[in-house]
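Order of writing sets the labels: A, B, C, D, E, F, G and H. Residues in every chain begin at 1.
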Amino acid sequence: MAKVTFNEELCKGCELCTTVCPKKIIIMDRERINSKGYHPATIEEMDKCIGCAFCAIICPDVVIEVEK
Amino acid sequence: MAQELIISGFGGQGVMSMGQLLTYAGMLEGKNVSWLPSYGPEMRGGTAYCSVIITEEMVGSPIVNEATAVIAMNLPSMERFERTVNPGGLLIVNSSLVNKKADRTDIDVCYVPANEIADELGNTRVANMVILGAFLQKTRAVSEDSIIESLKGVLGSSKEHLIPLNREALKRGTQSVNP
Amino acid sequence: MAKVFEKPKALTGKPNHYCPGCTHGIVHRLVAEAIDDLGIRENTVGVAPVGCAVLAYEYFNVDMHEAAHGRAPAVATGIKRVLPDNVVFTYQGDGDLASIGTAEIVHAANRGEKLTTIFINNAIYGMTGGQMAPTSLLGQVTATSPYGRSAETEGHPIRMSEMLATIEGTAYVERVSLHDIKNILKAKKAIKKAFEVQIAGKGFAMVEILSTCPTNWGMAPAEALKWVKDNMIPYYPLGVKKEVV
Amino acid sequence: MAKVLMKGNEAIAEAAIQAGCRYFFGYPITPQNEIPAYMAKMLPKVGGSFIQAESEVSAINMVYGAAGAGGRVMTSSSSPGISLKQEGISYIAGAELPCLIVNIVRGGPGLGGIQPAQSDYFQAVKGGGHGDYRVVVLAPAGIQEMADLVIDAFDIADRYRNPVMIMGDGMLGQMMEPVEFAKKEVTISEKPWATIGNKEGKPRNIINSLFLDTQDMENHVLKLFEKYKEIEKNEVRVECYNCEDAEIIIAAYGTTARIAKNVIQKAGAQGIKVGLIRPITLWPFPTDVFKKWAEADHVKSFLTVEMSMGQMIEDVRLSIKDTKPVHFYGRTGGMVPLPGDLLKEIIKIRGEK
Amino acid sequence: MAKVLMKGNEAIAEAAIQAGCRYFFGYPITPQNEIPAYMAKMLPKVGGSFIQAESEVSAINMVYGAAGAGGRVMTSSSSPGISLKQEGISYIAGAELPCLIVNIVRGGPGLGGIQPAQSDYFQAVKGGGHGDYRVVVLAPAGIQEMADLVIDAFDIADRYRNPVMIMGDGMLGQMMEPVEFAKKEVTISEKPWATIGNKEGKPRNIINSLFLDTQDMENHVLKLFEKYKEIEKNEVRVECYNCEDAEIIIAAYGTTARIAKNVIQKAGAQGIKVGLIRPITLWPFPTDVFKKWAEADHVKSFLTVEMSMGQMIEDVRLSIKDTKPVHFYGRTGGMVPLPGDLLKEIIKIRGEK
Amino acid sequence: MAKVFEKPKALTGKPNHYCPGCTHGIVHRLVAEAIDDLGIRENTVGVAPVGCAVLAYEYFNVDMHEAAHGRAPAVATGIKRVLPDNVVFTYQGDGDLASIGTAEIVHAANRGEKLTTIFINNAIYGMTGGQMAPTSLLGQVTATSPYGRSAETEGHPIRMSEMLATIEGTAYVERVSLHDIKNILKAKKAIKKAFEVQIAGKGFAMVEILSTCPTNWGMAPAEALKWVKDNMIPYYPLGVKKEVV
Amino acid sequence: MAKVTFNEELCKGCELCTTVCPKKIIIMDRERINSKGYHPATIEEMDKCIGCAFCAIICPDVVIEVEK
Amino acid sequence: MAQELIISGFGGQGVMSMGQLLTYAGMLEGKNVSWLPSYGPEMRGGTAYCSVIITEEMVGSPIVNEATAVIAMNLPSMERFERTVNPGGLLIVNSSLVNKKADRTDIDVCYVPANEIADELGNTRVANMVILGAFLQKTRAVSEDSIIESLKGVLGSSKEHLIPLNREALKRGTQSVNP
């Protein structure tokens, strides 16, 4: 089991993490907007995460922390 | 009355072009005008703004330090520029993105849900025209026709088909506030 | 649960000012990871360029020196001569390194200065709003090549890694890309190697990183990565161009 | 042509093209990037040539080459880039070639900032490069004037075979105002000295600033300074505003002059008589105009207003030979004086007397 | 140490080494080539580092880097090369780093000549680079003084974290005079701000001149100018010679001051009382000393003598607020004033009154 | 009797100031002969460097422009853009071209400017009295490498022709020598070719000429030629490095 | 038969011509000195000259003219 | 008496070092001295010269415009500097290379066949020492011992064996003219 944490305030909504997740579980949260004005990335089905950290590796803003 | 206003918002909200349209319209009406953008790296993703002056007098400094009106398209803009409105002046807030009320009580504050109205018209990008409509309704700074005239100049003939949508957005804006 | 990924110590953690999806951010992290991995944070001095990475001194958690545009290799040379036992790196864009700073990078390499250079080739001037870089591709439309770069008037894109590989003092030069996870990991390896080469005193080391500028390319970040893969890599072949062993 | 709304930078570029400028060599730097962008777009259409040079140093040397070959040529940059051009400017002045150099000044020293400043006055006017030479420096205060001065600048450059500089700042470069381009025929004078190939029977042309014999070198400099005297006689441009009954005369150019005008009106409303002398040519400096007003009884003092720590003030003092007090009010580093603060300063100066 | 006969250029280099300078970055140019040659020879012997940079631009940026890393560092060049360094000098001043820059001035503008000149005064003193900043400028008039001032220069640079320039000319660089080096212990102050690696527990050091926030930028410049005020208060150096009963006071520095002294003796022999104020610091300029002598009744006028078309004269006029006439006598382009001609000029000025 | 050898028309005939036996003089004549052969004297503009050839404008009987040190390629670019139908050449030393002017030559080549560059590699700064050039050989004693050039501190001699050959815009680059008659004749051919390449509009053309500086090398002229053959050629191999056909 | 003419005033006495002459007939005239202070090159046995022009080709100062 | 002299000749004739020796000797004798070379590209193959001042007074300008003495090692030097000798001053001509007589009649002119004398001593390169000897004989500007002393400093211990030759050259020079 793995856990991915997003430091939402840092997210710029670039969507790169969504493109590399092998499980395609990262989505952009269209409902919320952070103080910078971006819709942050988020995970709804965390249990599907395999902790590969691809999302973190590609994130240009060090938004993501991964635990396994 | 001379207009010295600041239009501010996120990059991409069309604040710069809104200001230019207004300035162009003022010029078409034979007034003295200036437009001054903020520039620099802070624009990157951050807040951008421009200062517009439309007056019968000569334009001295194009910088607006004491505004007759401020248009705030997002929260950081309101926080930054609310205090620059002259007493008795006007603050127009894009209430679609700003869910806070202004602190000032000595000025006229209008809340326009510009993005929602624009969405209703089927194109979020005309939110700036909506709010411009509200501004014109309040100030009569220039006529709507002059705005449309300038818009034609800016868009060019290839995009003439966008005129009706923009005219509609302007109109919805004027209707959104009391004169 | 153990952390499998967290912010490296060699980053301050200050939110960066780069545009959404700009790969400058990825490179910052990779450099910081390499510094952490090698345990050289307290011994490293970084030189920031003038370019989008002008504020790099805010992000790298090491002593930093802001250079004049293009002069990072000269500044780094000055630092290294005073502090031969420190690790000194420059971080430079393609305008910085391949245009105004051409003489400085060529001669730092030629002197075999023991420096590590991180070269961000994003085929454009990001900072100043999207002008042509010497590395812009043929046909690429930029603010100063509005009709697309033409070989006739602007010349072909310059391949700095290949050029610098002809120089004796260059100990290591590799071109990498960031367009997918595999390549990001390769890039990280190359960056680490470029520091190791310096530490081993072998000579000048550079990693050229094909990078994106979604803002000035007018593309979404993911689209920009694809553009790197489809358009840049064919002209800028990846791989080690020189390695002194 | 009708009025159009243009950024100062664009107006400079358009005016240059209308003035027959066909060669532009530059290197990007904020806040003047609209100039090269405009030139890149328009020059190919009029048969000209645009190059984004590899650096400012190269750019000014391309200008040097093109000017020697007889081309109407310009470059533009901002403060750090202008510093890099100093050797080249000295060469161009030494070799007596015409060209236009635009400096859209930003805050310094060093990398500084990109906001409006006037802290390159000394560099432009006293000579940032080495040796005895002068550059004609024009300081427009509005977009229309910017366009007009660009056109004049090329003529002045050709007439005296000397580099001319336009000094603006980020505010003037970025702001939009209406501007009208008078469609006039451009006549570019013959350049028999240009290096275009030594056709049989013609004398051989050499562009050069080297003089190994010191007496030759001195003679050359003396010749340059004869020319500069002519320029000082013929080319001074200045605007006087409200000076007729002013107690205090503000000396300001460009952006600060605009602010000063606002303040002069406000002061007038309060019964304080303030005038403005606005040098349009920073070199040649309007010394005589300052001297004239300094001799007027009603003028009690001068106030130099600059976006710097005080540079032009030296020329103001030299012009009036310190016969009246010369005060200074400045903001720097990209800060633009606030009209209210300037007014306060005026009131303070008035109180002091 | 006993007296030795040395060229000015060599004395500069030797003095630098004695002052603990261990890093030299330069690029060859006449007439200062003895400096890099000396450094290339000596620095390796004292554990220092010499680099012949690829250009003057690189050299000054190497200086910038080395100074940031805490090294005692210098560069030297001559006029065109100094022009190329202007961007870098502005950066170093902006980032507040100590270093020594030597300019052995030659005739200009452009490629000019290689003979002695003083026509880079404006560039050095008013700021050839962009932005609001100052460089301390020292102007020795003999080889012993050159050596002494080099040693002082490094201390001043460190004390105020500011670049210092030594201005000489080809004559001072090439001539030999006896010089003695007082073997004194060099104590170089701590540089806690230097980028030497961010050891845990220490604050992170950043060398920088960028300020995106305009108020920060202005505050930075104001801080610089506070420092400059201190320098103006503490570091003015000047020699007054024969001023006590002079009718005419010559203002001259470096080479021209030497010639002036000859002429003053000759004039004295003819019963003409001439004095000399010799600024040793060109910036800070010895304004107060000029003012003091201008107030003396016996002083009827000033005569500025320069190997240029007249640059320092502006500072002389500003210093005495034009309260007495300030005449000018100059030669330029590598011509050195002849004592006889200068004497004639003095006699002429005296006749005019 | 017919003249089999006389002064070319493209030389003014003014006695040159070069030291006895300095090969600058030979190169001047070869360039002038090429101009005469091609019949382009009236159409040619030359750019003189700052270096011993600073007075080249006195010797070449064509319109001449004196550049700033190292900037001849930029000056020539400016001239060529104004006069695309003229023939423009630069004449540059190794300090001029390979040190201070590195950025200018790389980018003139990279833009594919239609220029001809005559590059005098004499492994020293002649004009300023014998300082190290980037092309000075390892071990060579000069005013600024008094203990002999060391790879460790000064780096290896730079091979400009090989480096510039990696650039797309370079249409022709050849290295020649003058150490005997056969090689002088080859050099002449190469120089002529470099003009022809420009006239054909193919791109940037350069001839690197291994040249002597008897004065600063401290050798008799004939000895200096032998030094070129024995020491320079092994490090700087002669021949065509690139030719676009 | 060939004729070689030296413009003696231009000669700098570098001796390069002497090294390439296949006939070794060029010598430096130690008796004379031109106004620049150099002993000029000269030929005593002109009849041996084959007009190859090697001397002229290597002369850096265009001192030599060759006729044949 | 203060000496302000110019020494001039072809590059390679040792005019610079002759001047330096003299200056050094003056310094050793506690006088005020300066030495100033000509420099620049004209030196290349052309004529080089230096100005030397040896005086009890302070040295102002190191440039010698009006010379107490001129040493001309070749013809161009004589042509250039003959006129700068003060009336009553001294002109020493290297008659080995200058086969012309001086025009001036108001000065003391000595002709020294310096190269021939040096050749007799087996080394043309000491021609400068020969002529220096002549100069000393005429002016007593410094003592011969001081010259030898300076020479030792210049040559260093490794070349000490050259001292006797130089001393001999000096001596032959002194003998070549009347005091």
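Basically, a contact is a pair of C-beta atoms (placed from the backbone, for glycine too) under 8 Å apart; a residue touches a chain by one contact, two chains touch by 3 or more.
Computed from a predicted structure; not experimentally measured.
Asks: Trace the shortest sequence of touching chains from chain E to chain G and report its length in steps.
Replies: 2
Asks: By mean C-alpha position, what chain is farthest away from chain D?
Replies: Centre of mass proxy via C-alpha means gives G as farthest from chain D.
Asks: CA centre of chain B versus CA centre of chain D: separation in Å?
Replies: A distance of 34 Å separates the two centres.
Asks: Just give me the whole-number Å value for how far the CA centre of chain A lies from that of chain C.
Replies: So the centre of chain A lies 26 Å away from the centre of chain C.
Asks: How big is the gap, in whole Å, between where the Cα atoms of chain B centre and where those of chain H centre?
Replies: 86
Asks: Provide the C-alpha centroid distance between chain C and chain E, rounded to the nearest whole angstrom.
Replies: Distance between chain centres: 39 Å.
Asks: At least two other chains touched by the same residue of chain F: list those residues.
Replies: Residues 18-20, 54, 66, 68, 99-100, 102-103, 106-107, 111, 127, 134, 153-154 of chain F touch two or more partner chains.
Asks: In chain E, which residues are in touch with two or more of the other chains?
Replies: 30, 49, 51, 54-55, 57, 80, 87, 91, 95, 110-111, 113, 115, 208-210, 212
Asks: Got the chain A residues that touch at least 2 other chains?
Replies: If we look for residues of chain A contacting two or more partner chains, we find 12.
Asks: Any idea which chain C residues touch chain A in the complex?
Replies: Residue list for chain C touching chain A: 1-7, 11, 13, 15-16, 18-26, 29, 180-181, 184-185, 214, 220-222, 225.
Asks: Going by the contact rule set out above, which residues of chain D touch chain F in the complex?
Replies: 23, 25, 49, 51, 53-55, 57-59, 61-71, 73, 87-88, 91, 95, 195-200, 204-210
Asks: Can you list the chain E residues touching chain F in their complex?
Replies: 27-30, 33, 36-37, 40-41, 44, 49-52, 54-56, 80, 110-111
Asks: Can you check the complex and tell me which residues of chain C touch chain D?
Replies: 50, 54, 66, 68-70, 95, 99-100, 102, 125, 127-129, 131-132, 134, 143-147, 153-154
Asks: Mind pulling up the chain F residues that touch chain C in the complex?
Replies: These residues of chain F touch chain C: 99-103, 106-107, 110-112, 134, 151-159, 162-163, 166-169.
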